[in-house]
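Letters A, B, C and D mark the chains in the order given here, with residues in each chain numbered from 1 onward.
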Amino acid sequence: MSNPGTLAAAVVGADAFRAPLEGPRGARPRRALSRRNIFLYGTLIVVALYYLVPLYVMIVTSLKGMPEIRLGNIFAPPVEITFEPWVKAWATACTGLNCDGLSRGFWNSVRITVPSVIFSIAVASVNGYALANWRFKGADTFFTILIVGAFIPYQVMIYPIVILLREIGLYGTLWGLIIVHSIFGMPILTLLFRNYFASVPEELFKAARVDGAGFWRIYFVIMLPMALPIFVVAIILQITGIWNDFLFGVIYTKPDTYPMTVQLNNIVNSVQGVKEYNVNMAATILTGLVPLIVYFVSGKLFVRGIAAGAVKG
Amino acid sequence: MSISGNEVRRPSRLFRNLSAKIASIPMILTALFVFLGGTLWTVLYSFTNSKLLPRLKFVGLDQYERLWSAPRWLTSIENLLVYGVLSLIFSLVIGFLLAALLDQKIRFEGVFRTIFLYPFALSFVVTGLTWQWILNPDFGVQRLVRNAGWESFTFNPLYDQRIVIYGILIAGLWQGTGLVMCLMLAGLRGIDEDIWKAARVDGIPMWKTYMFIVIPMMRPVFITTLVIIASGIVRLYDLVVAQTSGGPGGASEVPAKYVYDYMFLAQNLGQGFAASTMMLVTVAIVVVPWAYLEFGRRR
Amino acid sequence: MRYKLLTAAFAATVALPFVAPAGAAELEVTHWWTSGGEAAAVAEFAKAFDATGNKWIDGAIAGGGSTARPVMVSRITGGSPMAATQFNTGRQAEELVEAGLMRDFTDLAEKEHWKDFIRPASLLEGCTVDGKVYCVPVNIHSWQWLWLSNKAFEDAGVPVPTNWDEFVAAGPALEKAGKIPLAIGGQSWQTTGAFNVLIPAIAGKDIFLKVYKDKDADVAAGPEIAKVFKAADDARKMSAKSNVQDWNQATNLVITGQAGGQIMGDWAQGEFQVAGQVAGKDYTCLPGLGVNELISTGGDSFYFPKLDDADKTAAQEVLASTMLSPATQVAFNLKKGSVPVRGDVDVSAANDCMKKGLDILAKGDIIPDTNQLMTEDTNNQLNDLFVEFFKTPSLTPEEAQKRYAAIIAAAD
Amino acid sequence: MPSVAVRNLSLNFGAVPVLKNLDLDIEEGEFLVLLGPSGCGKSTLLNCIAGLLDVSDGQIFIKGKNVTWEEPKDRGIGMVFQSYALYPQMTVKGNLTFGLKNAGVARDEIARRIARTAEILQIEPLLDRKPAQLSGGQRQRVAIGRALVRDVDVFLFDEPLSNLDAKLRSELRVEIKRLHQKLANTMIYVTHDQIEAMTLADRIAVMKGGLIQQLDHPQEIYKRPVNRYVAGFIGSPGMNFLDGAVSTDTGAPRFKAEGIDIPLDNYRFENARPGAAVFGIRPEHIGINSGDDWPFSAAASVEIVEPMGSDTLVWTRLGGQNLTIRVSSERAPRTGDQVSVGFDPMNASLFDAASGVRL
């Protein structure tokens, strides 16, 4: 192969020009500690600290004994690490007569969260798909109502929903709770799915129709496999939303089936003499653990999923 | 060759797209019965003197008159306004700045992103409790600074009526800015790379590129974000209850709490419904025209 | 009170097998008793009920009545009721009864002659709607107590006050010693409660009844109540540094000597007891703030929603009887720090403070509880006013009284 | 002095070298096209010249000034992007003036430049519209206008026509050419479209794998590609390649393959050597039944006939290998005909089979 350098020189034939061309060469020198980098990383680290402080305080406090909490400041690391608050929060903290801590609520939360997440996402994804690809007259009106509904304070809807559930005979059942979570997850989830499916090239959808696929077939065979990123977003949003829900959990369940957040409230608000901050913090971390893990593990997917279509107006 | 045969009748409009309609039944039912029905029901009963149980004994506008003469309601509205405006501005600004910083091709982007986002995984109850603890004057920041030698330092938002709403704001922002950052980051990544190049060739400074080119281009992202933040602000309740229970002296009351307290605590459904109707009207004035433009007409 | 505890216990053991049903049932009971003393007290109910062969499923909801009542009401109206639930004696469950959601216990009440032993009679009246009995009062709580920490006054070098005026006078000394003179929690009902205690103490029983029973707005705007607001102004100055939320945290300030005193109902006694403190030695109680010794007769009652399950319905009656049985009444109320609703049980085990209360009760120096006189709606408006008043120095007593009179005028 | 000069330019993305020790000189007023398939480094090179990418090594000079470390705005360049990169919320006028306002150009000067640009590009009626209200072609004109108002010596085009449909593309192509003739600026133009390259360029740099394969005038590249890669990339339909070997057994060199024996007397060897080779001949250099006296002619069978209007493409088999021929439509044979094909090896190119280098 011919040497491009020689070739260029041969064509131009202008070595004479080269002499006066002087000056810097190579990559622009960049110091690791340039002003820009100091500002950039400095800001990020300071902000990150602000975000981390509460978590730090929670953890540190949960590892201290009560006397140490009363004396020291909350930011000091524990002098003597004790796991007793954790044990108490998980297994022995009392509410009224029930002294089994959060442990009972954990499985209840799982039992409530899993079907609610599945059901609400199933419903919302089909809705979003129908809205994006199979528009029918009036669909947008319903959707607008739904979006406006996202602004209604939950408290306002408690009474009508109590009456609705009573009328269909589902009040106090797991299905009742699942429906409630599906209803309140619907506006945002439907918006997400609608936007995502709307961004899928229409040709794909048309091709499938020409191939004779119907509504459900296109949904399951074409759309569903493509919608993975947005499903991840929806699942994460719903797991945290439903796991963290307190209001519906307390109103639509019974003591036997109280989710973890209700137990947490009970433990935190069952003040006996002094507030046991260490137990409260341990209970708080324990309750938040599931959604936290979900975020730590899948935060990247979440960001990617949002970028993949959630934010397209 | 004759083109004839069974005359094909145009299928009924009702059955066109039948599967889609069937699939939309949950949405239609929710929209009609829960959101629309529930709202109308609430508005209707706001004109009654329902106490513990809803009863159709109409009293005209009495509940509204009482509502607007209740100092607590006025405080609640004022608080929501202050919190709402500041929360909107700060979450958008902070969320955007963080996203812009993360967008500088920095190292450890994933670590920073996770740190900024994790509070969003925690419930408001947890957020409220933790910040109550940090802002506690006897244990938290104030004590820390005083111990460090600055004896007269006072930072006591949760027990100071004048600034309590800012104490709540601090916690609210801590919880919510991560998601805003995430949305903004997604928006920034969606900006055509060539735009940045064009701006550089044009010699436009980075801040100007953000201000005059990138941010206007991110309008849809800002709108989605706005919907999410605003709907959260209107519903602000758990955080206040967990952090201050509306105190001190009712200085951090918010409308959603007024609704809840009057419906269930005071057993005056009519009053609660009137308050929630006012909230709905406010929301509707802002949201309905926008939602109509954004979703209703686009074909 | 003549009977010995033994007799009562005997009566209970005889009575119980008699009403026990064939099938044992699990009954879910909801309540908001979650503090140390309260939980110990409710355990007595559970123990007694479990002894009948049934099972008490505890449905404690923490966070006080304000968190618990919406849950209870929603569940009852939603058609998924618990077997029994606590409400404050008074008008809180009125509409649930009117809507026909609660069980009528008239037959049981007549069979067991509740009317004969429940005193004061106003308690059972609170449970009676249209001549029918719908609930079981389980205790008498009175609000009119000033709890004082002997240690705090010792530290401040002043004698323990014997009435409100002395207490106010001791305020500066306490403050000088680094104490909070008066502990009041941030929850709104605590401030209203304190104010309502000040009315009979400062202005007298008649004024109290004129305002709250007759809803006389003129009196509420008058000079007598103005004096009460003046006293409340003192109280708020003394409580300015009290940075706690829950009532028992405030009580804890008194127990530990960080605060001089607290205006709180007799349930505070349970906290002193759990902390191992002795009345008269570690702490002092002044009924009626030591000025006007009378007590209100509020308390808690249990309501029993209508259920479909026959076994549970039968067990509800057992539970009602159990709660009222002399042995349970004694055991429960001793732990709770309240007074039994039965006049015929021995409470010799009661401590000094409770005995003071019993004496006042026996003398008949009683006033009805505000829960019995006013709707929750009015109470809540008063809560809004007083929580603001106590924490907002810029709200003058005159201005507050104007708002107060307006609330009373609108009350029903 | 060259208008733009690149010296020993290297660029690595991490460990991956994208540009390898490049040298390039571009004359004042020259229209240079960087041509190659995607991933060859042509856009990267353009971005380096623009200053949008920091080089790993080497130097860049524009008008004799070393701009290796300069900001793009200070290099005296204007750039046009494939996606137009117009600021969507600004009017056309806003797009054109934004950079100037930032540079602090006086208001009357801005007005003058806008007027001139609008006139040159004939976009006066569009000045108050927003990009969303423009067609693709109009948008690209505005994008060019944005480079034009900068009043610079060097224009950089990054695949500016790829997003347009075929008709618009050819229209704008002419317009760019006209623009170049009128302004006589130095223009560097990146494309993967060899027709654009051929029609526009004064010189073409064919790139592959971060290296310039050949830099020359279009006709020269067309006629005398330096290697098989360049030969294959330029020209449509592509050059015919016949596999075989160069032999000098009989004295004069000949190209031999199964059923083919081409005398290479007329071929101008650059470095003759016997061995496996590829014989390349462009379709328009082959005659069918012409009756001319070709140095080489043989019989071939017609497999497919593709009429293209003025020309017709004839796909034939010669000795088991494909041979595409371009003839004028009047002389087109029919499918299945046996024809006689002939050409002059003078027009052909011979490449080494292993290295692909021109022989």
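Rule of thumb we're sticking to: contacts are C-beta pairs under 8 Å (C-beta built on N, C-alpha and C of every residue); 3 or more make two chains touch, one makes a residue touch a chain.
Quick caveat, the model's predicted, so the values are computed rather than measured.
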item	value
Contacts common to chain A and chain D (chain labels)	B
Maximum centroid distance from chain C, chain identifier (CA atoms)	D
CA centroid of chain B to CA centroid of chain D, Å	55
CA centroid of chain B to CA centroid of chain C, Å	39
Length of the line joining the C-alpha centres of chain A and chain B, rounded to whole Å	16
Distance between chain centroids, defined by C-alpha means - chain A, chain C (Å)	44
Chain C residues counted as touching two or more neighbouring chains	70, 74, 77
Chain D: positions in contact with at least two other chains	none
Multi-chain contact residues (two or more partners), chain A	158, 265, 268
Which pairs of chains touch, using the document's own definition	A-B, A-C, A-D, B-C, B-D
For the chain B and chain D complex, residues of the former touching the latter	192, 194-195, 197-198, 200-205, 208, 212-213, 216-217
Contacting residues of chain B [partner chain A, same complex]	13, 16-17, 19-21, 23-24, 26-28, 30-39, 41-42, 54, 98, 101-102, 104, 106, 110, 112-127, 129-131, 133-134, 136, 139-140, 143-144, 147, 174, 178, 182-183, 185-187, 189-190, 219-221, 223-225, 227-228, 230-231, 234-235, 237-238, 255-256, 259-260, 263, 269, 272-273, 276, 279-280, 283-284, 287-288, 291-292, 294-298
Chain A - residues contacting chain C, complex	94-98, 158, 162-163, 165-166, 169, 171-172, 250-252, 254-256, 265-275
For the chain D and chain A complex, residues of the former touching the latter	1-2, 5, 7-8, 21-25, 27, 54-59, 61, 64-66, 68-69, 203, 211-216, 226-227, 355-357
Chain C residues within the chain B interface of the complex	66, 69-70, 73-74, 77, 92-96, 99, 186-188, 243, 245, 375-377, 379-381, 384-385, 387-392, 403, 410
